[in-house]
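Structure record follows, encoded as structure tokens.
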Amino acid sequence: KDGVLRIGTEGDAPKFSMADPSGNVTGFDADIANGICAELKLKCEFVVQTFSSLVPSMDSDRFDVIISGLGITAERQKKIDYSIPYATTPLYFVVAKDSPLAGLKSLPEIEKAIEGKSVGVATGTTYAKFIEKRMPGVELKTYDAVTQQTADLASGRIDVAFGDSPTWMDFLATPDGANFAKIDVRIMAMDAPDVLGHGMGIGMRKGNTELKAKVDAALCKMVDDGKVKEASMQWFQDDYTIPCKK
Amino acid sequence: MLAEFWILMVERGWALALLRGSAVTIAIGLLGMFLGFVVATPLAVLRWQKVAVVSQLVDSYSIVVRGVPGLLVIYLLFFGSVDMVKTVATAFGYQDSVDNAYPYIVGVIAIAAISCAYSIEVIRGALQAVPYGLLEAAKSLALPTGITFSRITFPLALRLALGGINNVWQMTIKDTSLISVIGLQELMRTAAIGAGITRSPFIFYCIAAALFFGMTAVSQTLFSRAERALNRGFGAR
Amino acid sequence: MNLDIVTYAIPFLLVGAKTTLLIALFGIVLGFPFGIVVGLGRGSKNRVLRNICDSYCAIFRGTPMLVQIFIIYYGLAQVSFIRHNPVLWWLIGEGLNAAILAVVLNTGAYTAEIFRTAFLSLPKGLIEAAEACGMSPWHVFTRVKFPLALRQALPAYSSEAAIVVKESSLASTITVLEITGYAKRLMSETFAIMDIFIITAALYLAMNVVALTALKLLERRLSFVR
Amino acid sequence: MNEVLKVHELTKAFGSTNVLDGISFRMKEGEVISLIGSSGCGKSTALRCINFLETPTSGQIEFLGQEISVSCNKRGESEIVNASYIRAFRQRIGMVFQNFNLWPHRTVLGNVTVALVYALKMTRKEAEEVALSALSKVGMASFRDRYPHQLSGGQQQRVAFARVLAMRPKLMLCDEPTSALDPELVGEVLKVIRTLAEEGATILLVTHEMRFARDVSNRMIFLQEGRLEQDDTPEELLRNPATEGVKRFLSNVMPASAQRRLATTTTIKG
Amino acid sequence: MNEVLKVHELTKAFGSTNVLDGISFRMKEGEVISLIGSSGCGKSTALRCINFLETPTSGQIEFLGQEISVSCNKRGESEIVNASYIRAFRQRIGMVFQNFNLWPHRTVLGNVTVALVYALKMTRKEAEEVALSALSKVGMASFRDRYPHQLSGGQQQRVAFARVLAMRPKLMLCDEPTSALDPELVGEVLKVIRTLAEEGATILLVTHEMRFARDVSNRMIFLQEGRLEQDDTPEELLRNPATEGVKRFLSNVMPASAQRRLATTTTIKG
């Protein structure tokens, strides 16, 4: 549609994409979206949809792009096109404070210690795939929502939770989270690009090269300008930006 | 807990959103149930009468629709038709209204299609259980077919079907949550969003459950009243 | 549809299908008698029992099953008494057990309603004939009331069986990897939403066609008048 | 007098057993015929075939000049010719069922008025008047607001009779209309049937009470295992049983005293 | 002879209408009593109260020395004392229903065996033998594998009778057990009842056929509007009606000839 960029987003992902009661979307994804719109001189129009209908909806032209913290993987690229990656979140393991795992210092140590333990991750994420591939000896449990994952962590059904940094920031601050701690090993997409992908990108219909060129340019500009960093600092108190490769 | 509740619901305005969601749920649930029932009745009659071919078609419809997840019905109805509808609408210059209204229309149709499949079985079962002699009595008195149905068969069958219809209704009102996949913010989806971004799933889901419970409590009293009315003449038990 | 995705997805989904079948089977096998007992309770002369059964049905039919399964799995897990009671913890600690429990409780409520009306509509004289023979309440039930009620309830109950198969998909929200659990994973891995969804639906349909056809045959076998 | 009903070679089989085996008889206006025979000989089935509640296997039924015939096609299925007449038949043929078949969800009055309003297109007021007069003929007017399950067996039977009576059918098929009635009421029903016949109705009734049959009917038809064995005036049939079957049936029917009287007459004739 | 049944001041009201109004009578072993009276006088209700299918409003029933009594409490509800006896009562009291109540999902044989197997704890084989002998007594053995809806009215009634017969109850309550039967079969049933009584069973039966009642019973009880008007031997009751009600009822009951005979006897006595 003329003069409007329609953006599909989940709306129920804390810090990334949050639809408030009146339907406005805020969060990191929303800031990126607004930035892109500003660059392209278009009006942003958000369409909030459940994750499972985002892709089919975009295919049937309910909106033009998906900005919902989508991780870029080779597998997914068969189905949709991605913009350049613009950010990536560091991943952490979380365990009980008194667990022997709490003091581990490197990924190989963790990989060894975690054998036979039950690990919770969010369903269908790149990091779920990561655990599955790299640590086949664990008992993997998948959750639809982070709140469910942390609830099971708190009730002791899982020994270890694995997820992105923003999640843990929130959880560790709650009363439930007080007994838990991050293992101080920061895992980034670049550590295992084959499974963890290449960071977050904006999803577009396959073959829409014109739009992709425009969005890529706009994103690159935002990265270079520090707009992405600004948003990242605001929501995550950390800089998750991936530099734009020209 | 209470303070948190107050902040979320009133200050951050979630109460209103949940009520809006309830309104969508009730509207689509009622419309879907009503449409489904209206269509199911004649189909169930055809099935009951074992009308050749039609009866097999009705059977297949009911088996397939009851057999697949409701989500698929909605997916196929919506994503299978939206492109075409959009092209047509754009050609006539109604793109905006179609963009906004179409999901609702499909939502109602999908819910109706599902509840219809369930209603068919309920009504058919009830029709089969009506003692045949009572219908023969109507036949022998030369009551017109329509009257036989509306005055004798249907009231007698309805009494037997009421429990099943109540079940279908309770299921339908909750099935409305499926329409969230085509972008409608009904009660469950609103609760899910609230639960996700405020990280208070317990509060949101409990409120949603309470709202659903409220709706069905109202409908339950109506059903109980209908049951009493329909049981007149069968003796207290 | 993309053949690669189909061949990739089907092995996973078949593994899931086993779990789905397990949940549905247990759900039906336990939920059916349970529902009938509750249905009888709702028609009982004892006020307290009747009210308990009525409330149970109202609650489990009146609220979304998603919420029920959440409360059973996540909600109850927060109660430390339950966490420390081995029997209770066995029941809800394991995702699979909790899912079966939720399915049984849910289908029980619906089954109860179906059978309550079926029992209510039995011709009074037929039951009196059994009672007049001095048959024990149990035998009056198993030889007369139940066989007659079953025939009337079967069409409506067949729907309930199909619903159980489908609702077992909610187990995926509490970490149980049944069909839908795998499907969700595959969908976000590949983004081939429609393709995977259709395969998934086909699996559910296959199971339900078997279940519904079996029940239809049973219904035909049991029918005695016209 | 006009011919009202002509039954020709009526046959009915359930599966492989023939229940009716080529029955033929005729009824004139104002005639009352009793159908007698032992239990299970096909009396109810015959009545049910006449208004096509049961589809005959073959045969013809002519009612007031309209004919419906049934023939067996090659695949062994019954084919009805002129099925469209069935409604018309039923509008003028009333049937009192052996087991009453009152509608449980309607009051006594409601049971009687429905057909008046919807089949005969009376207004509700007219219908109620007609219904009440029919009900009072069988002594049931004061029960107008009861539901069937609140009635005794005999009361239900009388309502079922009134339901048909109120329709003023040209032909009335009564399947044991007095089985649950005490002798006093049987007498009342007998009176009602006589009046009806005088007013031009034709009545075919199944009964086990020989006395009632003899008192009320112009002719008696005896069925045995689906065959029509005798069709005669009551006097003739009682006096001159045509076959062994009739003779044996009658020998059990009549009480000792009556048998003696019958025996005398027959010996005189023989 | 032992007393089998004692009914004392049995009262039953539906809502505000009294259907039974303080009925009392006794039955000895081997006795056959006919309950007569016009339609709706409370005969079926009386039978149903005796085995508590209907809860009486008040009164006592004593069966083989065990007593169940019903009294009206302050809130106007009926309270049964010794309700736990009811099962025991029913196991030894058989009931033939006015409308048969055969179980539609069971074959003829199945209908008869169920109670034998589950109430009397016979083995299946024993039960089938007993059932078949009961069925053949009423001429229904060859229909053993039919379902009730495949039977004629009279056939159903005979199965219902056999179902109770097979249980060899101490007391049999029969609600018009011959209403759908032809006179030949009535005679058969009469024989069966006589044999039963000789073997020590006690039979309380409701019937409209005065001749049958007179032939089969030791005593007749006449009910009118829920009151017991006369309890006498058949001869006495027929010859000497105690009240106007009985007299009027009988005047309609007897056919012209019988009436004449009755009239002669009464005039002689008068």
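Letters A, B, C, D and E mark the chains in the order given here, with residues in each chain numbered from 1 onward.
Definition applied: contacts are C-beta pairs under 8 Å (C-beta built on N, C-alpha and C of every residue); 3 or more make two chains touch, one makes a residue touch a chain.
Small disclaimer: the values here were computed from a predicted structure and weren't measured.
Trainee: Which chains lie in contact with each of chain C and chain E?
Mentor: Intersection of chain C and chain E contact lists gives nothing.
Trainee: Which chain pair shares more contacting C-beta pairs: A-B, or B-C?
Mentor: B-C
Trainee: Could you pull out the chain whose C-alpha mean position is farthest off from that of chain B?
Mentor: Farthest by centroid: E.
Trainee: Let me have the rounded angstrom distance from the C-alpha centre of chain A over to the C-alpha centre of chain C, please.
Mentor: Once rounded, the distance between the two centres reads 36 Å.
Trainee: Once you find the CA centre of chain A and the CA centre of chain E, what distance in Å lies between them?
Mentor: A distance of 83 Å separates the two centres.
Trainee: Could you state the distance in Å from the CA-based centre of chain C to that of chain D?
Mentor: 52
Trainee: Using CA atom averages as chain centres, what separation in Å is found between chain D and chain E?
Mentor: 29
Trainee: Where does chain D touch two or more other chains at once, residue-wise?
Mentor: If we look for residues of chain D contacting two or more partner chains, we find 99, 149-150.
Trainee: For chain C, what residues touch not just one other chain but two or more?
Mentor: Each of 74, 124, 151, 194, 197, 225 in chain C touches at least two other chains.
Trainee: Specify, in ascending order, the residues of chain A that touch 2 or more different other chains.
Mentor: 52-53, 56, 148, 151
Trainee: Judged by the touch rule stated earlier, which pairs of chains are there in contact?
Mentor: A-B, A-C, B-C, B-D, C-E, D-E
Trainee: How about chain C: which of its residues touch chain B in the complex?
Mentor: It comes out as residues 58-59, 61-68, 70-71, 74-75, 110, 113-114, 116-118, 120-121, 124, 151-156, 158-160, 162-163, 166, 169, 194, 197-198, 200-201, 204-205, 207-209, 212-213, 223, 225-226.
Trainee: Which bits of chain B are touching chain A when the two form their complex?
Mentor: 12-14, 16-17, 75, 79, 82-83, 86, 180-183, 185, 189, 192-199, 201
Trainee: Please give the residue numbers of chain D that touch chain E in the complex, ascending.
Mentor: 14, 36-40, 43-45, 98-99, 150-155, 158, 175-176, 179-187, 208, 210-211, 248-249, 252-255, 257-258
Trainee: Provide the residue numbers of chain E that touch chain C in the complex, in ascending order.
Mentor: 51, 53, 87-95, 97, 99, 101-105, 114-115, 118-119, 147, 149, 163, 167
Trainee: With touch defined as at the start, can you tell me which chain B residues reach chain D in the complex?
Mentor: Interface residues on chain B, with respect to chain D: 131, 133-134, 136-144, 147, 151-152, 155-156, 159, 230, 232-235.
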